[in-house]
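Right, one structure below, let's go through it.
Each chain carries a letter (A, B, C, D, E, F, G and H) given by its place in the written order, and its residues are counted from 1.
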Amino acid sequence: MIKFDHQREERIRLPESVFCHDKTVEMLNEILVDLAEGATARVLFTRLSREKFRSLNPDLATRLDYHELSETALLGGPREERVPGKVAVITAGTSDLPVAWEAQRTLHYLGVASTLVVDVGVAGLWRLQERLPEINEHDVLIVVAGMDAALVSVVGGLTARPLIGVPTSTGYGVSSGGRTALESMLASCSPGVVVVNIDNGYGAACAAVRILQGIQPE
Amino acid sequence: MIKFDHQREERIRLPESVFCHDKTVEMLNEILVDLAEGATARVLFTRLSREKFRSLNPDLATRLDYHELSETALLGGPREERVPGKVAVITAGTSDLPVAWEAQRTLHYLGVASTLVVDVGVAGLWRLQERLPEINEHDVLIVVAGMDAALVSVVGGLTARPLIGVPTSTGYGVSSGGRTALESMLASCSPGVVVVNIDNGYGAACAAVRILQGIQPE
Amino acid sequence: MIKFDHQREERIRLPESVFCHDKTVEMLNEILVDLAEGATARVLFTRLSREKFRSLNPDLATRLDYHELSETALLGGPREERVPGKVAVITAGTSDLPVAWEAQRTLHYLGVASTLVVDVGVAGLWRLQERLPEINEHDVLIVVAGMDAALVSVVGGLTARPLIGVPTSTGYGVSSGGRTALESMLASCSPGVVVVNIDNGYGAACAAVRILQGIQPE
Amino acid sequence: MIKFDHQREERIRLPESVFCHDKTVEMLNEILVDLAEGATARVLFTRLSREKFRSLNPDLATRLDYHELSETALLGGPREERVPGKVAVITAGTSDLPVAWEAQRTLHYLGVASTLVVDVGVAGLWRLQERLPEINEHDVLIVVAGMDAALVSVVGGLTARPLIGVPTSTGYGVSSGGRTALESMLASCSPGVVVVNIDNGYGAACAAVRILQGIQPE
Amino acid sequence: MIKFDHQREERIRLPESVFCHDKTVEMLNEILVDLAEGATARVLFTRLSREKFRSLNPDLATRLDYHELSETALLGGPREERVPGKVAVITAGTSDLPVAWEAQRTLHYLGVASTLVVDVGVAGLWRLQERLPEINEHDVLIVVAGMDAALVSVVGGLTARPLIGVPTSTGYGVSSGGRTALESMLASCSPGVVVVNIDNGYGAACAAVRILQGIQPE
Amino acid sequence: MIKFDHQREERIRLPESVFCHDKTVEMLNEILVDLAEGATARVLFTRLSREKFRSLNPDLATRLDYHELSETALLGGPREERVPGKVAVITAGTSDLPVAWEAQRTLHYLGVASTLVVDVGVAGLWRLQERLPEINEHDVLIVVAGMDAALVSVVGGLTARPLIGVPTSTGYGVSSGGRTALESMLASCSPGVVVVNIDNGYGAACAAVRILQGIQPE
Amino acid sequence: MIKFDHQREERIRLPESVFCHDKTVEMLNEILVDLAEGATARVLFTRLSREKFRSLNPDLATRLDYHELSETALLGGPREERVPGKVAVITAGTSDLPVAWEAQRTLHYLGVASTLVVDVGVAGLWRLQERLPEINEHDVLIVVAGMDAALVSVVGGLTARPLIGVPTSTGYGVSSGGRTALESMLASCSPGVVVVNIDNGYGAACAAVRILQGIQPE
Amino acid sequence: MIKFDHQREERIRLPESVFCHDKTVEMLNEILVDLAEGATARVLFTRLSREKFRSLNPDLATRLDYHELSETALLGGPREERVPGKVAVITAGTSDLPVAWEAQRTLHYLGVASTLVVDVGVAGLWRLQERLPEINEHDVLIVVAGMDAALVSVVGGLTARPLIGVPTSTGYGVSSGGRTALESMLASCSPGVVVVNIDNGYGAACAAVRILQGIQPE
């Protein structure tokens, strides 16, 4: 019953992906069968929890390249076309890693090189300053942070690169759910910072690809 | 008493600007005197309401290029360096114009060419479809929309360009204040859309400049 | 102890139904016994989870026509009276299907014909445009969408039909719980769109029946 | 600069209207000039405050039929086509009248007959019960209520008619802004009630017209 | 380590009770031991879930009169002093029963007679009207309702009795958690209605006892 | 056009009053004319701001007993029937006085004696303890407090009297609007405390009258 | 009618102050008369707007030392007792000055020396780093910041001093009202940071005095 | 992959700790291995649930001093340096104990003596007054309270000591999650009270240490 948007890649240069969070195992199996029969050789699955992955029809699941901590799976491998440029995926803390990995896996799928820069939260500024020259060698920065998300403002004030903030739902109390991180990023005192939905590593990666693809001569 | 971040442009390639919303007329006069004496020849003032502008010291105010509807003022004109590329500033409705103009004035100040595409809200899709080829000739898209902000998803699904959404605080009831537009943009079903704070035309323009500046060979 | 509103159908032409979400298995068994003894031959059960259904007294449960994905059960089959007109139940994505099925099962129970139109979200507009003529052959439209719910505004701007929006609680971050979809629908820029509670496929179906029943000559 | 959706009436059988709330006087004057020159003879202006109306260019303003308490103005009078059927606009209290009048003025403009039923709030149920037979003679009911909006559930439980709830922003404390009324209506225990945005008398009227127009044989 | 407020009953004529929701089984066992040794013969336990009750030290648990659906337990039985007057506990729907039972069990413990009036929600007004004379024979009314909580306003408009509203966290979407019911009750259009916390049947019972005790000659 | 609920007093022993907050001066003048002609000799007006009062038709206004700080006006004086019992109206601070006076004026109108106890906020507990014996001589307590509203819990823990909390919208930051005070009262750790809407001195007075009237032999 | 807490200074070593925000001019005049007659020679008035100050009885107002931008007034000058230690009041931007000045004026009144460090927001980190040695010479730090309030985490990660965050209500969109700054500070990734209410410069100063007074040998 | 901030203790005199809430067991095992190899002999783990602790590599886990109810673990024992002064950790009720224990365990780890004062909630004021002299012998007070958190204001009005409020997420309805307690503390009517995030016993302890360390001669 599922209707794929097969024209998407042609139209917006981003292939369709399957967001598994609210889909039942039955729906996912049906999608995998459709894909097996259809023309779309490559698909990225996001928010595919370990439980769901393990409940899939084994014949279908075996064709997936699954990564548990990022809850992503690739069918058919990354696309062949390589996008020029490099993306740095920067995290404030270890707890932000699953979202950072979702971003990295999406970039990999979309043909973009990326570097992971971990644990440079502003409570210990020297860690960020130590890695700033390396960070500045990238064309687009994705900053993944929860709690007060202060890292976005600090990085935004130290570099001229396009900076995409990804708030994470880590923490408790006022941090819980990621609202504080989201609104803190939107209210950033550094100019020209942009933001995606809470925990949306996938979306940040797609935005980076729009930037890298959009500017180049075609 | 004010301390400017004179190193900002050198560091992040965006000059400092003065956000006037929470500053008293006395503070603004003091800033203008400081600027007259200082080295920073060019400054952009945002959220400078008509009332405040008219209350400024006339000798200082006369040096400003003031635009009432966008509540912006330029001191010393746009910077001389031209940034390559073009930005389209797209609005859903007429009520979104002040924010769109803030974006355009900021782009002008920063040396970027832009086009305004007005009144292409999705309730009458033909208006958007008519202008899509023209929109696609731009390198970065800024989409300004209030209420349900559906325009962001529709544009995001029709073009491969980097797309920065600016929610506006137009409307009433659940639209009032712009929260619904903001969250609708963050929840967009089109991949790779990024968002700035409500009514933040200035921030969207800076983000566009980060993109245009960041990718080019230096 | 339960007291049914047996006069409801006579009064408002909609029979009472049993909302199972906050009822214990004991309460549901008691209701089934009461119904077995009482005059109300036909009842619709909504939000009857698989776990609860399986815990019911088997003698009673066996009389129910249960549909797991919509969490609905019919006792005594659909009512005999047929309501004239047709309803289209339209979904933005696959994740919206359980709510769409609740709407369809309710319509079936109430004697109304309906068509399901799946996966026509605005990120790929061509899918909607392809099916618009078919959609326009229906008398009432129910649009089921989560996230930014932009589909409601787009459909509302393309058709003159009565349009009932059902926000869904799909997604994560700002989408989680369905508030963004709800408020986006309420803020729709298309005129004359109406909305029901989050995930309330049942209510949308009842509203469609009020429309179809209310206008016809009696 | 304004771009009208002139095809709207043809497409969705509802003409475009001008929402004045976030538009400056300059924008409104420009729109009036455009309309004077254009093909669209008839337009409804909503949320046109007394202050704005009085600031309009007098030559243009004089062509408007202005109603202060509903903040509406008609240019060119109601459309000629009459829509069959009758709408009852029901209010809980006197404070809900401005929104009720906006609904009535919109219905009048769109060619629909309506009756106003005032002050039938549930704190004094006898007033509602007294008028129930009269209410039931209408084809669509618009219920306008603030505070706890309990009237919607009570009316919804007493009649089979399509019922559109309009929450109002009357009251103070938890009532202030209309959120409580809105959510109370969405949570109504009466089946098949639908809701529009807070204070949106215009939207409720358009929804009523969709119902009345949509079902009739064409 | 627990420190009881043994002077409470003397001071405010309401004995202390033990709220078990956030206490571990270890804490509860310790409290039971303390009570066994101490002077306080009678205690009411609220929010004691079945799981926790079953995990208690069996020697201690056996001394409790436990009621699963209301999650209450009595140690030492109801107090001997009888409070004059009668309370009606009225519910909108079956889903509100657990909270109503908590109120009734608390009243029983405190020595007050009560009557349960179930399923008189306003969607079927006749059920309420049928029982109104009986309701009016009580001295204090406790109205337990979720969703839109319209029952409070309707009852408040039909009787002169003190009326305590208890919002419940039943339902889904905007009803979920009970906020809508709470705010709807606070915004009630019937004068002199008072409210307690969501699901707080215990508190409503205590308030009724304050009323019944407070007025009588001592 | 206004429809009074003249049967209210007979039904619930509380006369109707006129809430002026959302009514225009025109509506209020019309109501005053209706009252002058009608049978209802006595009416209480609440939320009648100084500006509105001064804009009323002078012939009508002169018949009102107006009290500016509580924004109340009496037409025809207090009712003749005296209600037995006494109410203490207790405030945490001076800023809570307007709400306390609204409660007192309503009690006066309804024929109930009351005492005002001012400035006994818990930051200086001795002030409360000094007046506790006097407070305990009253039959019902109304506690008016903003900010953290801690006074309600402290008073509730020191007395057995029925206690009605009225949160006020005083303060700034998290106190602004009165939400914190409201929720703090609802979450009170003292058993049997009940609450009304923010700033609702009128409602608290009516609740006190329900208590005083409801229990007495008739 | 006002009742001062004259014992406060003796009890908690902080004299009472008068919060003028919700008090009428009449109340303030009465307080000033009471103070003139009473034993309390010294009082601090906070949130005394220019409008209110100018409306006071001139004979009384003339005795006040008024500071417009901080909206504070001193009666009787600062207390004679000097508190040992020094406080740094640090602001992210110029817009935070009024709150910083309220803190400084309160410290002055309470006998504490303080230094103002302005415009060290994290978008230009060098400004903060330049002044860090000077900041570290103070015993307590008050950090005043709006928007994303990232300055609190950065300062908290660079110094061992007690740090009190004061969120400000500057900015617009998600910053408006100061919620984002408040929650960002509460979620700070730097350990041991504490927070007061939005715009509460007075409270931060009192907290600093508690620290400075509390530790010293008495 | 984890990068510790080994310079933290030297810089801010608080050693780094590991917040385990959002870390997987794999991440925690990796951290423990890193620590075993590294120079940081002592680390505090917070929010380490029983489930996670039991899933750790047993060889690593055995080196931890684990305390289940506070969900804390110490590696390498408390630091040797003793901080002068004493802290009182005061709780309103038994349900607040886990957070109080987290504060105490953190203080222990950081070398500070502390006393636990339990069950002194304001509903029974005598319990607090009985222990006030003992409380006043401490240098810093940490007050842990949920629900209305009134204890903070009462203690703040009775003592001159620095007072750090820790709101807890105990309770249900409006108390649920701890927002009401948090905002009530921020709105406290007692001057100079400061607040940390909900359930943040760790942060309150660190703040106490900043105070105790910050003032002493070095």
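Definition applied: a contact is a pair of C-beta atoms (placed from the backbone, for glycine too) under 8 Å apart; a residue touches a chain by one contact, two chains touch by 3 or more.
Owing to the predicted nature of the structure, the values given are computational and were not obtained by experimental measurement.
Considering the contact criterion stated above, the chains in touch with subunit D and with subunit E alike are C, F.
The chain with its CA mean position farthest from that of subunit B is E. Between the Cα centres of subunit D and subunit H there is a gap of 55 Å. If you average the CA atoms of subunit E and of subunit F, the two centres end up 26 Å from each other.
Chain centres here are Cα averages; for subunit E and subunit H they lie 35 Å apart.
With touch defined as above, residues shared between interfaces to two or more other chains in subunit F number as follows: 8, 11, 123-124, 156-158, 171, 173-175, 182, 186-187, 190-191, 197-198. By the definition of touch given earlier, these chain pairs are in contact: A-B, A-C, A-G, A-H, B-C, B-D, B-G, C-D, C-E, D-E, D-F, E-F, E-H, F-G, F-H, G-H.
Across the complex, subunit D is touched by residues 1-5, 7-8, 11, 16, 19, 21-24, 26-27, 31, 47, 167, 169, 177-178, 182, 197-200 of subunit F.
Residues of subunit B that touch subunit D in their complex: 69, 94-95, 97, 118-120, 123-124, 126-127, 146, 170-176. Residues 92-93, 121-125, 147-150, 152-154, 156-158, 171, 173-175, 179-181, 183-191 of subunit C are the ones that touch subunit B when the two sit in their complex.
Residues 8, 11-14, 17, 85, 139-140, 156-164, 182, 186-187, 190-198, 202-203, 205-216 of subunit F are the ones that touch subunit E when the two sit in their complex.
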